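Listed after this line are the structures, all set down as structure tokens.
One chain, subunit A, links the two complexes that follow: it is found with subunit B in the first and with subunit C in the second.
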Partner chain A sequence: MFFRVMDTSRLPDLVRGLSRDHEVIGPVAKEERFVFAAIDDPADLRLDYDTTLLPPKKLFFPPEDQMMRFRVADNEVLDDEVFAAPRVLLGLHPCDINALLLMDNIFLKDYVDPYYKARRDTTLVVGISCVPTEDCFCNSLGTDEAHWGFDIFLTDLGDRYFVSVRSVKGAELLDDFVETREITDADTAAFQRVTRERKDKFTQDVDTSQLPLLLDAKFDSPVWDELGERCLSCGACSMVCPTCYCFNVRDDLAPDQKTGTRTRLWDSCQFSEFAAVAHGQNFRESRASRVKYRYYHKQWGYLSKFERVLCVGCGRCSTACAADITPREVIAALAKGGVE
Partner chain B sequence: MAPRVVVVSLASDFGCQVQMTNIEDDLLDVLGLIDLSYWQLASSGHMPAEYDVAIVEGAVTTEEHVELLKRIRSVADVVMVIGACAVTGGIPAMAGEGDLEQRFAYVYGTDGANVARGRISPGPVKRIIGVDYEVPGCPIDTAEFLRVLSHALQGLANRLPQEPLCAICKTKENVCLFDKGQICLGMFTRTGCGARCVSLGRPCTGCRGLAADANVESAMKILAEKGYDIDEVTERLAVFNTREEVFSR
Partner chain C sequence: MTVANMYKEKGSNPYRPWPARITSIIDLTENERLFELRIIDESVREGFQFESGPFVELSIFGVGEAPISISSAPSKQGFIELCVRNAGDVTGALHGKKCGDIVGVRGPFGRGFPFQEMKGHDVLLVAGGLGIAPLKSLINHIHDDRHDFGNVSILYGARDPSEILFRYQFDMWKHRDDFDLILTVDEADETWGDEVGRVTALFDMIDIDPDNTYGAICGPPVMYRFVIDEMRKKEMDVDKIYMSFERRMKCGIGKCGHCGVGHQYACIDGPVFNYWEAMNLQEAI
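So, the complex of A and B:
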């Protein structure tokens, strides 16, 4: 990794330059919230965004994704190639960069997912520093900084960006499209100050140090029943989660019944049919068991395999849950033995 | 032999049958798969004595409907109901249960008894006979109709989604209407419409009926805590669901 400094006024140059050979996708305003969308005009880019409605996983693992078409008569696969154009994802916060690394463990390791891989391979990531919101708790999970998973990272120092360059491709793009200069001691000092000030802005401190022990010890806790009574089983938490990757697969026949499409769609462990199997059996029929499963998978199951929890503390589930079920509250309730 | 299909109307505004005619691009493909023996909206023929599939639109509102449905069930191998009126009772079921006569007199006057003879409390088709396939919504979505019809023709199970609308609404990146202080019935309502109304900025009216997974009790409690008028929420739910359905949950 090496570092450069770029005036914030140069950002439109960078966006325009990147746009020459890439689709540029970044945060834009949608009403009073933000979404990742294609950037046609650099002025639309809102690097001051707090968080987006959906995380960037939608760009690699779309909510509804046609996997192939098939012919009914002989079960022949008609087209299953993945078209992925070169693009730059501009303006990812550290939590979302870390979330993509957690998704990579699922989609690129034991079973390489061609749909995810094609899009991941053709996408460059440019990170941007952020200011914590009241729901953010990445600081409790060690995901408040991104050390890998980006090509370029911009830390906003006010009038200039402190630019961390992680990849050769990132260095080339920066070199091709925008004027930067070498860092000075003053820049480094400013970077350290900004980093320190940001750390002080976190309002949440979730104690996750005892989580695996806590979850093992509290498997039969009444906390799960209380949460189950409140949970709306709507699955909003899974949809907005940057690390939830479960999907359903559906086949649809064309109106003439001669060909069909296979589509995968985001699924949620909070739906009653998620663990339903043949003969009408359901491993997790109660809401309580489904809420519990979500926490065990994210905070313990994934940890036991990848040595990280499957949560980056982005706070989207806390914002999206109409029943106000938040990881912070769940963890605190387990530690205490009851919901407040 | 292509399955013989009849399309039957009970109490409704025929909107879902109009939706069927709106499947213009695919209608010829669909008609190529079936022997459309009777469709009241599209022809003046008579209903045949024998058929394989009955597509029923509309709510049950009279004794005559009850008899018709029983006959249909004894003849057809497959009964498919389409639209909110047939699936959940829909708008006609707003006429209510115990107070039906009172409401009838209010609308038609005291000498209106002969207007609709043999009237009964309006309700969904499933109240009278077993139903094999359902296409909910007001009106039906043509793509879903084709999908369910395809399942019916292939003899596949009826797989309506069980969960509420919120998940798909999140995937559309809609700003939650609750955050804007509006009553949206999405957390109660069966998904499958693609959150079309909310995506257009309008709250969900619940036309697809209560979702099996919906936690009605908790949702009511949450709405009350947030200062919403629960009576109003109940009234809105009763537009496309029968009251007995809402209160039983």
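So, the complex of A and C:
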């Protein structure tokens, strides 16, 4: 990796430059919170955001994603192309960059998902350093820093950005659109200091050691029943999660009933019919079993295949849960054997 | 090129169904029919290779998709057979189709029975109800290479005689030495000359060489535990008892998350698992 330094005042140059050939998407304010949206005016960009309501997965795996158009009579696909224009996703935090890498394992391996891939291939990622909020626990999961998964990463040093350049494309864009200079020892020292100070700001320490073992050893723990009683099965935790990828599929017919579309929609393992099959059988009928499954899959199912847990500690599910069910509490309760 | 390679190397869209024409429909029972399909695209048809046990996603545009086991043997070239119970939207729509109509299939998906590993051994197949559908593929496959196997026993139970599937074929097999076939029903009627009672009761009627026997089980979820108990009583090895799991499935390719069983996905890690694996999957049986 190589590094450059860029004055923070140059940011609008970069945004305008990127806008020439790309749609630029970044965090903007929406009421009290932030969302990822198209940036028309560089002044709208809020790189000081804490976190967004929905994670960037919505840009690669939209909540409603049309997969194909079909003709009924001969069961033929009319069109399954994805239109993916060149984009730059500007201002991703390390957790969200790492979350996309976890999603890649699902959508880009074995059976490659053409819809996700098309959007991933045409999107550049520019990361930005962050300040931990009270719900963040990425530091406990090793996802507080991004080493891969971006073209450029900006670490905010106050008056200037320490710019890490990961890809050829990133280097070219930087070269083309914005004035940067070589790093000095003082820049590197400032970078180290900022990184250290950020580490000290984390307030959470979630102990996930032995979690896969505990999930099995305490599979019948009453903790799950207690959590099941509180959970509302609303699925909000899945929707806001940058690493939840489950989906449902729906066919819609055009008014003439001759053609139609097949669409996939975000789904959640917390919904009661998620594991229901024919003849009235439901493999996870109780709320307790569904709350447990979400943790079981994230902390062990995914790990058993990809050697990483399916959580980046972004804290969105904690914020979204009306029943105050948080990974920190669930994991601690399981280790202890009871909810506080 | 095999279909698996079309997906994995050529990057064919795994969500795009291959159009297939219905070439024959046989009524098996009131609710179950055997559909024979011929994939229209020649290169796909020829590349459609599998071992016994995988499934296809049956796709009827405007209605949806359902996972259905392939019932025919891999050796049956050019056609696939699906034995389908009318259980809801997609299977109901299929039952409404006529010969010559076109439907879609995706697949073959999933891990089947370890056919090559089973060679040289005895095989004990136990089916309950519709569970005979994937086992039928294995039975026909064994039949193709019959000299490679030792004793092959089939225990098959259904609720009543009208629900015994493939009865015509079984009646034929009963008069040959290829398979030891024992049929049973919970409730007999005057047409029934075979056993009455649970499929597990049939274990008293067979001799098993435990060191040399592979088991293959498919049936309603409640059946597994009892059949496994019988096989374990006969001292069969935990990792030689294979079974196929039914779970909800939307994609068949390890993406939609619906088929989770324990820490695995039934669609890509199964649907066939051995008992050792199943014991390590929470809530599997």
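Methods note: the second predicted complex is superposed on the first by the 340 of 340 C-alpha atoms of A that agree within 3 Å, B and C clash if a C-alpha of one lies under 4 Å from a C-alpha of the other, contacts with A are read in each partner's own complex, and residues count from 1 in each chain.
Here is the rule we use: a contact is a pair of C-beta atoms (placed from the backbone, for glycine too) under 8 Å apart; a residue touches a chain by one contact, two chains touch by 3 or more.
If you're wondering where the values come from, they're calculated on a predicted model, not measured in any experiment.
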{"item": "Which superposed partner A:R33 touches (first subunit B, second subunit C, both, neither)", "value": "first"}
{"item": "Partner chain(s) touched by A:L253 [first = subunit B, second = subunit C, both, neither]", "value": "both"}
{"item": "Partner chain in contact with A:M239 - subunit B first, subunit C second, else both or neither", "value": "first"}
{"item": "Which superposed partner A:P63 touches (first subunit B, second subunit C, both, neither)", "value": "first"}
{"item": "Touched partner set for A:E229, first subunit B, second subunit C, both or neither", "value": "first"}
{"item": "Subunit B versus subunit C as contact partner of A:L54, first or second or both or neither", "value": "first"}
{"item": "Subunit B versus subunit C as contact partner of A:A84, first or second or both or neither", "value": "neither"}
{"item": "Subunit B versus subunit C as contact partner of A:H297, first or second or both or neither", "value": "second"}
{"item": "Per-residue touch tally on subunit A - higher for subunit B or for subunit C", "value": "C"}
{"item": "Subunit B and subunit C contact sites that coincide on subunit A, given as residue numbers", "value": "253, 257"}
{"item": "Contact set on subunit C toward subunit A in their complex", "value": "7-8, 11, 13-17, 19, 59-65, 85, 87-88, 102-104, 220-221, 246-248, 250-251, 253-258, 260-264, 268, 282-283"}
{"item": "List of subunit A residues in touch with subunit C within their complex", "value": "67-68, 70-72, 74-77, 80, 106-107, 110-114, 216, 219, 245-251, 253, 257, 260, 262, 264, 267, 269, 274-279, 281, 283-284, 289, 293, 296-297, 300-301, 304"}
{"item": "Residue numbers on subunit B that touch subunit A, as the complex places them", "value": "23, 26, 29-30, 32-33, 146-147, 150, 153-154, 162-168, 170-171, 173-176, 178, 186-187, 212-215, 217-219, 222"}
{"item": "Complex interface listing, subunit A residues touching subunit B", "value": "30-33, 35, 53-54, 58, 63-64, 229-236, 238-240, 252-257, 266, 268, 270-273, 287, 320, 322-324"}
